[in-house]
Amino acid sequence: MITVLRVFLFGLFAIFIGLLFMGIGRKVIARIQLRYGPPFYQAFIDVGKLFSRKSITHNFVMDLGMVMSLGGLLATMLFVPIAGHVAIKTSTNLIVIMYLMAIGYLGMAMAVAASGNPNATIGVSRALTMMLGYEVPFFTVMLGLIIFNGTSSLELISNAQAGSILNWNMIKFPLAFIAAEIALQAMMGEKPFDAMIAPAEIASGPMVELSGKYLGLAFLTHAVAIFVETAIIVNLFMGGASNVFTFVLKQFEIYLITVFIEAVFPRFKIEQAVKFLWTVPMGIAVIQLILILV
Amino acid sequence: MDAPSYMLSKIAEKDNLSVYELFFGPNHPGMHGNFGYVLEMIGTEIVKVRPNAGHLHRGFEKLMEQKLWVQNLALVPRICVVDPDPNEVAYCTAIEKIMGVEIPDRAKFIRTITLEMSRLTSFLMGMGALVAALGLYTPMYIMMADRDLLLDLFEWLTGARIYHIFNIPGGVRNDLPDGWVERLNEVLDILEKRLLEYDKLVFENPIIHKRLKGMGYVSKEDAMKDGITGPNLRASGGAFDVRVDDPYAAYPYLDVKVITQDGGDALTRAVQVRLEFEETIKLIRQALKEMPEGDVRLNLGNLSMLKVPKGEAYAKVESSKGEFGYYVVSDGGLKPYRVGVRGPSLPAGLLYAQKHLPKMKIDDVAAWMASLAICPPDIDK
Amino acid sequence: MIELLFIPLIATLFLAIFIKNKKVTWPLFLAVNGYVLYKLYSIYGMWSLSNKFDIGYEILGAKLTLGVSNNPIGWYFAFFSALITFIISIFSLGFNQKSKENVSVIWMLIIFSNLGIFFAQDWVIFFMMWEVMGWTSFFAITNARDKALDGAKYYLALSLIGASLMLIAISLLGAYTGTFAITPSIFGLIQVINSSNKIGIVILLLFLTTFLIKSAAFPFYMWPQKVYAEGPEDYITFMSSVMIKYGIYPMAIFIVPVVGSIDLPKILNTGNILQYVIGYIGAISAVLGTLLAIFQTDMKKLFAYSSVSNMGYILLGFASMTIVGFEGSLFHVVNHMILKAAIFLTLAAVVFRTGESEMHKLGGLVYRMPLTFMTFLLGIIAAAGIPPLNGFGSKWMIIQALMSRKMVVFAIAMIFASTGAFMYLFRALASIFLGQLPDRYKDVKEVPLTMALPMLIMMVLMLLVGVVPGVVMKPLTSALKAVGYNVEVASLTVLEGSLKNATIDLKIVFYMFVAGVIISAIMYLFGNKSETVPQNDNYTGGEYPEEWGVDADRFNYSYAFYQPFKEMFDPLLEAISIDDFFASVGRNFEYMSNEVQALFKRGEGAVLLFSIGVLLLILGGLII
Amino acid sequence: MKMQKSDVIKQLVDRGNKVYDLYENQIALEVKKDNLLNDLVFLRSIGFEHLSFITAVDFIDEGEFEVVYHVWSYTHKIHILVKVRIDRKEPILPTVNNLWEQAQFYEQEVHEFFGIKFEGNNDLSPLFLENWVDIPPLRKDFDTREFSIRLYDAEVDGGDI
Amino acid sequence: MELPPAMTSRWDVERFGIGPMATPRQADVLLVTGYVSLKTLKRIIRTYEQMPEPKWVLAFGSCTVNGGIYWDSYNTITNLAEYIPVDITVSGCMPRPEAVMDALQTLMKMIQSGEAGAYKKYKENYEYYKANQDRVLKKTVPILGQTPEMDLEGKNEDAKE
């Protein structure tokens, strides 16, 4: 019973933090754009509103896909140690996390493709291409850390950096951190790697047919994705944290970097994005990997 | 780039099922104004385009025949909302040509200043649209806010932010208010400073260069033949500027520098706008300095009972998007007999859509539109 | 032991006799299949079972002993392949219900040779069964469809090359090691190689080439797509899920032990050259298969390349030369059998109902074939290696093994391939089942029960193996232990990786996934109700598509799906296209294969009966 | 090589056309329907390569349409209104879309709003209006107020008066 | 045209949580900005019908109330409320950004107090709205009672294609 409660609490916590980040992110961007910006709790209002609206679906796959999408990301979230806590005692295996995350994206892709709108399908095709683009450098970075630590457990990698700030992988492997940051930018679908939702090109792509609670679920998925992705980076590079508050703060720092980059970059075309990801961050990651191996 | 497209269209001919259609507009976030392209696509590549104009057709040319000469002043700025003043000036100039009157010099200078300010607002909007189409919202927001600085000045001067109805047959409605010129100078200073920020954010951004380079190439010969005018023509190397070649308002007294480049692609056009923006600020400064004192309007009697003698005239002005022309035919009555409007966007929006968009990717449509500064209202009228 | 092979063979004979009467053949077929499965199940653990026949004849100085034996790894392959083949054959019976052909004969022969390959005790029987399988395949492909002949010829050409190479290799092996029996020959070959005899390496490479041809690895990756393009869907299901593994089995029992034990000049301190050769072949197969799959428009070709890519994973697992990698590879063999069978069954169902295999001409079938869709969905989730379905565990083990050996290039290749897999898998899903349903498929129905049932079983199997990998891993590990590898017998749900603290309980992964879905479903139910709109009610910028002459077909993005991505790779793909080379080889074999085909066409039944008779004689000799 | 306005006028008069010197940089040229293409080709050949636009005027009292081609020369910096009168009952003109590609759209527009046909132009489909069944709207005998009042229940001057 | 300034740095409606959405599916409020031509009306109706409930319409500018300056145009409707239910209108041509913001906030208050529910009217009076829409969009006979004197075949090619 306690386990069940724990799992639910972890899930809700991730959603809460993710939405909070999204709200603050919007505010920060607004300030960069010399605007006042929405209140930081705007994301909660939006989601509440979306869930209270009637929504439009094309067939059962849309429902199935959206549920699968949020479910997959929540499941991923349950594997990520937050300040040393994990929902259920299990090995926090990085590869499992990476693969589980994919089910979320697959669910989303399936739901939006079920609507039969070409815009949405183009968006999905771009998103999957982008995924291939960023997974390769990101995995290369992870590979370096895994080989260095001799374990693929996120928890152990995080624990190995305990102590002073000089133990952080961020300081020890700055190149890897830079590569991971760039890959993270793409992973979050923020500019310059947001070709998949480009509103001016394909009318917001995957979101084009989502309405009401489907859009709400997509929002929540994005929120959890932000949480999971920043948490992975914090665990990999910033040594986790001793308490939840510090952990969230570190996550927020990571998120803030992506928001800053987001605000001042236009978007790549998809092939340019993939080429970029396979040259610059991949190159950096490979150099780092060689440094670790030698 | 040519070979795959060729192969794709071969496949398309063989098997029409593989073609699908995307509706780019009229209700599309990448579309500025109410306009549509129906794109036939293979993959993400466009193979055929069917322009879908007319959503903004209000029948201006017919409406103008129904209204008094001066009433029409309320209509003309609405033809191109982004850049309203050239419409007013062109319409007034045509009337003045037919009537054979010469407006006072100060009026000419004030007209010039409003025209150039309007050009600035339009350039800001155009650059904003271009960068927004590429997903760069920050400068877009700032550009829009900067545009508001100018709109405030317009409001001070004319009482309206957008539809000024300031230029009237015989001059302008009123003289510049006190303190207005100083404020304008301040605003120009701000804009000049901002331009450096835009340079950093936009024109020196490698991604922008990557996206725009080589897109939508127009050669000088084609541009001249096909009626592409304005910055688009000058970016292809055609040294044509109505302000110099067929001068109106106070341009004969000013040094208008015609900037030409020979890239002809979207990047060149974007840079062209940026260069002309700088030039425009200089021009306003010069006009402010050299503005003579004197009357600002001719006394043409009761304007609402204005009768224009029988005759015809074509007046063209250089708007921010190119040659804007009004062809006015008068039968000597209280209302125009016929007004024909030449908008600058038609060749680009309809003809070049069919020339450029095939072989282009869906990614580029919005940016292409913005780079050619296509303004749907002046196509539809 | 021998009756396990004998009974299917006799059954084939009976089936061939009663070929016109489905009322007789079907029950017979099912009964014999049931018997085979039961028998296989019951001989689990009895590793000493064998039948040997010493004909007292010596070739090239080696004693020719023919025999079958119940070897542990062979059993592992035999049991699961027989199970999957059985399920596919049931589907096939439904698939061919309307045609006059009675496919049960061919399926029986396949089951027979399948068992023969995996239980062969020596290279001679192995070679014979291998050839029976090859010819049966050719027969099965061309029998149903004339159009398939081109692909089949190509396949036959490659098979013949492979067979000749293997014949040479076997002869050399016999000559240099003095034995034709498989297990002794391993030690013999190691000795030959370690005595710095170049011929040992040649033998090894000859064998390796043969097996690579069969398993469609680089550079022989072209044949599956050529065969699958026109071949009968039910049969290519078998080919891509089971038959493609025939190359893997001898690699597992022969190549890996040999390569793992020989002492060649070492590179990078961790392994020998041959290990890296296998690794690079695997890596290239994985990456190239993925890339080529991404660019296909025909769904059968797409999954043909997907198989190539999966064979690459298996080779990578072998190349790691660790026990985790080896286990992972063998586990992946069964996983891939299950998921590929599931996927191809749905493809066959789609072709069965629509007659179309070009993906861009399909679409929206989820409206009409929801069960097929669900099977396909689970299949691609499994194929993408996403927990909690079955593809995950084996891929995870292989990656673990590669990482623990610091084989970074292989690990990156593996990740590239398995991420790229999302692209082609999703593309197939979107193009076939999602999107707009064209008008011409408005009346398509779900498949009949005989075809639906195998799909349902496949779904259950995928989930079962995904959550409880022990059902496969337990027999596998005990088999490996029986062979002599130093492994612990796996527990039901836990997989062991080779890195520190790398243990993963798939049961927990499943629970977590369920928990996530439950939370998300609560969220979903918490929302206001939704309204279903027709498929053509879509955002079109406000336009009315029908007024622009746009119907469902013209409002579906499924052709040239990854066009921008493809354009990046176009120059590369052109440069490495070795299709032309093999095409010319294929042309040279054309004459010969025409002859062969004419033989079949003239007297199919006669040839079939003749070959069965010969086999009966041999096996009869074994029993006596 | 820049020509003076007088030279241009002289050349045009020599070809037997009526020329009006309107303003600085602007002249009007009246041509016959049969001569239209010849004259436009001639104008292009002497440097008038920019077609600003094509429009028409409905002289209903005289029973004629006047179609005006606006051409401009980048070199001579002169704008010419090439005017051609045609019978209102039989409004047919040759197309110029092989001289200027953008003329295609102007001709479509003129066809849509005046009902003037352009021989040789295959695509005169409507560009702006949809489902238009009345007479072409820019003709003088089309009363847009009446139309608006009947169809859209418009009140005169928005009901303000 | 005043909408971009309203959204951007100076006025920033986003601080009230208002933002533009890309497609009708995601939108709550349909802003009809200014005059509505027939072609646009047709698209507005589709867009409106694609929006999920509850949905609101903000008619922007005088032109949507009584035709405004275009009241006598043959191609713009005069009163949007005849075709789709309008919750709130903003007068002016064009209204200032402040007016837009004010309208949006008023609409938010109206929604909270339950006053704004015009979309329900659309369902109840669907026949009425549909009849009005069809009258202007699907007309087959000339409104002014005259038969077009010339054949206008090929006029609706695009629509039929």
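Going by the order they are written in, the chains are A, B, C, D and E; count residues from 1 in each one.
Basically, a residue touches a chain if its C-beta (ideal position, glycine included) is under 8 Å from a C-beta of that chain, and two chains touch if they have at least 3 such contacts.
Being a predicted model, the structure only gives us computed values, none of them experimental.
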| Smallest number of contact steps required from subunit D to reach subunit E | 1
| field | Chains touching both subunit A and subunit E, listed by label | value | B, C
| query | Busiest chain-chain interface by contact pairs, anyone? | reply | A-C
| Based on Cα centres, what is the most central chain? | A
| Among the chains, which is located farthest from subunit D on the basis of C-alpha centroids? | C
| task | Would you kindly say which chain has the C-alpha centre located farthest from the C-alpha centre of subunit B? | result | C
| task | Calculate how many whole Å lie between the centre of subunit C and the centre of subunit D, each centre taken as the average of the chain's C-alpha atoms. | result | 72
| Chain centre separation in whole Å, for subunit C relative to subunit A (CA means) | 35
| request: Give, as an integer number of Å, the spacing between the C-alpha centres of subunit B and subunit A. | output: 42
| request: Take the average of all CA coordinates in subunit B, do the same for subunit E, and state the distance between these two points in whole angstrom. | output: 26
| said: Residues of subunit B that contact two or more other chains, please. | reply: 20-21, 26-29, 41, 44, 50, 54, 57, 59, 62-63, 66, 141-142, 145, 361
| message | Please output the residue numbers of subunit A that touch at least 2 other chains, ranges allowed. | response | 33-35, 53-56, 118-119, 122, 125, 199, 203-204, 208-209, 212, 269-270
| task | Any chance you could list the residues of subunit E touching two or more other chains? | result | 8-9, 22-25, 39, 42-43, 47, 50, 52, 72-76, 158-159
| task | Determine which chains touch and list them pairwise. | result | A-B, A-C, A-E, B-C, B-D, B-E, C-E, D-E
| Complex interface listing, subunit D residues touching subunit E | 91, 112, 115, 124-126, 128-137, 142-159
| Touching residues (chain side subunit B, partner subunit A) in the complex | 20-22, 28-30, 41, 44, 131-138, 141-142, 145, 201, 205, 207-208, 210-211, 361-367
| What does subunit E use to touch subunit C in their complex? | 23-25, 42-44, 46-47, 50, 52, 158-159, 161
| remark: subunit C contacts subunit E in the complex at 531, 537, 539-544, 547-549
| Residues of subunit A defined as touching subunit C within the complex | 4, 7-8, 11-12, 50-61, 63, 66-79, 87-88, 90-91, 93, 95-96, 99-100, 102-103, 105-106, 109-110, 113-119, 121-122, 124-126, 128-129, 131-132, 135-136, 139-140, 143, 146-147, 149-153, 155-156, 203, 208-209, 212-214, 216-217, 220, 269-271, 274-275, 289, 293
